[in-house]
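My questions will all concern the structure given below.
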Amino acid sequence: MSSKDIDIEFILKKEREMKRERLKRAWFRFKRSKLALTGLSIFLALLIAATFADYVAPYPKHAGTYVNFKERFQPPSLKHLFGTDHLGRDIFSRVIFGLRLAFLMIGIVISIVLPTGTVLGLIAGYYKGRWIEHIIMRLADMFVALPPLILALSICAILEPNIVNAMIAVTLMWWPWYTRMVYSMTSALRNEPYVWAVRALGMRDLSIMFKEILPNILGPILTKATLDAAWVILIGAAISFLGLGAQPPTPDLGTMVSEYMTYFPKNWWMILGPVLGIAIIIMAFNLLGDGLREVFAGE
Amino acid sequence: MPKNYLSYLKKIYKSVIFRRAVLSLLSLLGLSLIIFTLARVMPGDPARMALGPRAPEEVVQRYRELLHLNEPLYLQYYYWLRDLFQGKLGISLVSFREVSIDIAEFLPATLELMMLTAIIQIIGTIVFGTLSGSRPGSIIDGALRVFAYIGICIPAFAWALFLQFIFSYQLGWFPPTERISPGISIPRVTGFMTIDALIAGNFNAFVDALWHLFLPSLALALGAMAQEARILRSAMVENISKDYVLTFMSHGLPYRLVYFKYALKPSLVSTIPVMGLDIASLIANAFMVEIIFNWPGLSKFGITAMLRKDLNGIVGVVLVAGLIYTITNIIVDVIITLVDPRIRYGGGGE
Amino acid sequence: MSEASTLLKVEDLYVKYRSYWYTYHVLDGVSIRIKPGEKVGLIGESGAGKTTLLKSILRILPPQGRITKGKILYKDINLLRCSKGTLLEIRRKKVGMIFQDPLAALNPVFTIKEQMVDILKYIYKGSNYKKSDLENIALELLREVMLPDPERVLNSYPFQLSGGMRQRVVIAMALASAQELLLADEPTTNLDVTIQAQILKLISNLVEKRRLSMVLVSHALGMVRSMTKRIYVMYGGNIVEEAPSSKLFNEPLHPYTQLLIENAPKIIATKLGEGIKGNPPDYRYPPPGCRFHPRCPYAMDICKKVKPLLIKVNNDRYVACHLYAEKDMIKKLEV
């Protein structure tokens, strides 16, 4: 055995040890971070309420096309926490269903953007300087040449304003930002000694990307994705607020604000519920993201 | 120093920024191609949609011809590009006017809003960021922390509704909608209400226009401002313990000079990129606020075009918004290099 | 040693740093004094609190740092109590400080001219100097620290200069303020070995020429020995020994001083020093008693319980170690 092999083994062993040590420390810090724990508990509470909206909401029927003119425009009371709307529906119940919709949307969008964006970013970053990097990154450049909201709005408009197309629009808007982040992290790591080491040992490019590089950037990626999710929800709300997303009677939070704005400022409390709904779900993601950042960034 | 900057500005066209600017313009053109294609490929007859189901077939046919809708896609794109280089964006299916004329009518209102917003945002960020950054742990610092968190979580349209409700409908301090009070009319020169008022020499109208501008600008500025002030604050806190700031304390410079010059400028280096992106995005975020304040800006044309599926209108709005976004980003890039000499001289420390 | 002949006196100084989670008990009752015209050395490992001590003297600790107890007397002025104006006046005209890292001590986004003129403007406040006059003073200062082509240096940004040049600029700036006392905090870290000697020589010459008092912090023990009359040894936020320079090196008393001198890299010795075993104390939970006891080869039981005070062993030597305490002293403390 030449001394070179021993060096490689040594580098790899050290790298693996560091990886394990980092994870252990991250978990320890997560348990100690008030921010992360608060974020996680709000997040879980909202998620549970949204999942079991049919049982949590006092008037589950009011989510859709329910009409009760006798009880319209009631201000907030114990019976109707956020009051009732122009059709006599309980706004609190609708907000709970709105949360479910928001979670559904962000869940679907994340499950599309995270895998594709990660793969594209890893490939572009790992093969920096090759043609594949140029294709991926120039395509991403094109999508960030527009302000995100305008891009999403125009896609919604061209397709057809509804909730599925809003998800498509948000996905198309978000992926380049996410891909660019993975790309820059990967291209910074590709020249680290341990990557050279595993390459010298004959590991294949794809395995290097997923087994060596990805675990090392997973922390920052998750942090950024969580914080971005808050931003994506904000954009989603803006789309439906502007009338290009979900259409009434869908209990979408943004749609509800724009629907109830007709009765503003006389029945101002009508928009209170949906706005609080948007704010709290965004806050949950932000707290969680900040907590994760604290955890992964170290002391 | 001004000399220094001037010679630098001359060098710019050779620089990285210039190349990046060209690249972003090309990206924008590429994107417009995608959106243009998407718009034409989608099912549905745009001419029929624009004119309504009851319009006679021959009228619809005339519009199809006018828009080259019957011709193959590449020819449509060719016509569109040819017009674009003559400054035309095609006929709007909603207003039946040249899109560029429509946009030129509505854009100044949005730009005016963007500018005041940017001013509020920059001043607010610097004031709150330095105040809390120079006294970490103080009451101001704690208040900013809370405010920043609320700021991130609340969308601009909610801020707009909140401010409008409190300051217009409840307190009556500010007008709730429109750009100027009814009864005041000033000749349109630039389209910027405040500037036109000054040109007309009508100072009352200027104040009135500014009064109308304030609430929507504040609504647009608040969220981003809170976040940026927070970033500036942490940069300040970090910089204040650095030797290159303590040096000036050790020489007995007054605290204000040390904080607002020697700690602030290096802190701005990390804040400006974020602030720049936010300011550039105002062209889009203004949509949310304009609706609420009934502001006759780009959104008025844009949203109508989008809801009515006015293809030329949509592509035109996209292109113009993208152009303003790109230009703002380029300006920010230039400002960053002016603030940070390390970038200006292409050096990276050691 | 009467009060009148003391230029600077630090008495029983305690400094704490606070972070979100922890409190760091850095300085733990430090006392030093400097006579006019005296050159004093301060040695110890990195993290012993030397920089904190110097920054406390000028009251320029970062916001997390607090002086919780003690006195800092400059002549007869208590710097912890005096008015803001007096403090600024002392910073401007009496005491100058050379910062540890020349690469970090100059503001990266301003030209040297901008920085120096701002500093000089307040030093010469009241006299009717115009900006051009201040620039000339700056040029003169840069010439004094032997910088070639001072005009070019003045118009440069810090990152355009080499480390040695930057340190000369920092020295020039410190000189402008140091009309009585110069605090030099490891003025040669991060510099090439050849430049280190040059810089120390320059400082030594300038101090001599201007008849300044000086506190010199440095790891270059040989240089400290030749440049100072008296040396304080610091460990873990305490002064552990004080002695005339020559005597300290010939016969170190405190176990820590012994190890420090033994492990200092000597050019003649065949092997370089490997440093003292163990780590500097964790300031969040400093060891009780003598802060050095976990690393001390002679540690006794009492060292873990009772903090040794700085005691006089003969007419000009002081040490804070139970080894040198009189037997009945120990008993008294234990009771």
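We call the chains A, B and C, going by the order they appear; numbering starts again at 1 in every chain.
Throughout what follows, contacts are C-beta pairs under 8 Å (C-beta built on N, C-alpha and C of every residue); 3 or more make two chains touch, one makes a residue touch a chain.
In this text the structure is predicted, and so the values were computed from the model without any measurement.
A.B. asks: Using the definition of touching given at the top, classify the network of chains in this structure as line, ring, star, complete or other.
C.D. replies: line
A.B. asks: Which two chains does the highest number of contacting C-beta pairs join?
C.D. replies: The chain pair sharing the largest number of C-beta contacts is A-B.
A.B. asks: List the centre-to-centre spacing of chain A and chain B in whole Å, with centres computed as mean CA coordinates.
C.D. replies: So the centroids are 24 Å from each other.
A.B. asks: Suppose each chain is reduced to the average of its Cα coordinates; what separation in Å results between chain A and chain C?
C.D. replies: Centre-to-centre distance between chain A and chain C: 51 Å.
A.B. asks: Quick check: in the complex, which residue numbers of chain B touch chain C?
C.D. replies: Counting only chain B, the residues touching chain C are 1, 135-137, 237, 240-254, 257, 261-262, 265-266, 269, 339-342, 345, 347-350.
A.B. asks: Enumerate the contact residues on chain C facing chain B in the complex.
C.D. replies: Listed in rising order, the residues of chain C that touch chain B are 55, 58, 60, 62-64, 87-93, 96-97, 99-101, 103-111, 115, 118-119, 122-123, 157, 159-160, 170, 173, 176-177.
A.B. asks: In the complex of these two chains, what residues of chain A are touching chain B?
C.D. replies: So the residues of chain A in touch with chain B come to 138, 141-151, 153-159, 161, 230, 234, 237-238, 241-244, 257, 261, 264-265, 268, 271, 275, 278-280, 282-283, 286.
A.B. asks: Which bits of chain B are touching chain A when the two form their complex?
C.D. replies: Of all residues in chain B, those touching chain A are 23-24, 27-28, 30-31, 34-35, 38-39, 42, 149-150, 152-158, 161, 164-165, 169, 280-281, 283-285, 287-288, 291-292, 299, 302-303, 305-307, 309, 311, 314, 317-318, 321-322, 325-326.
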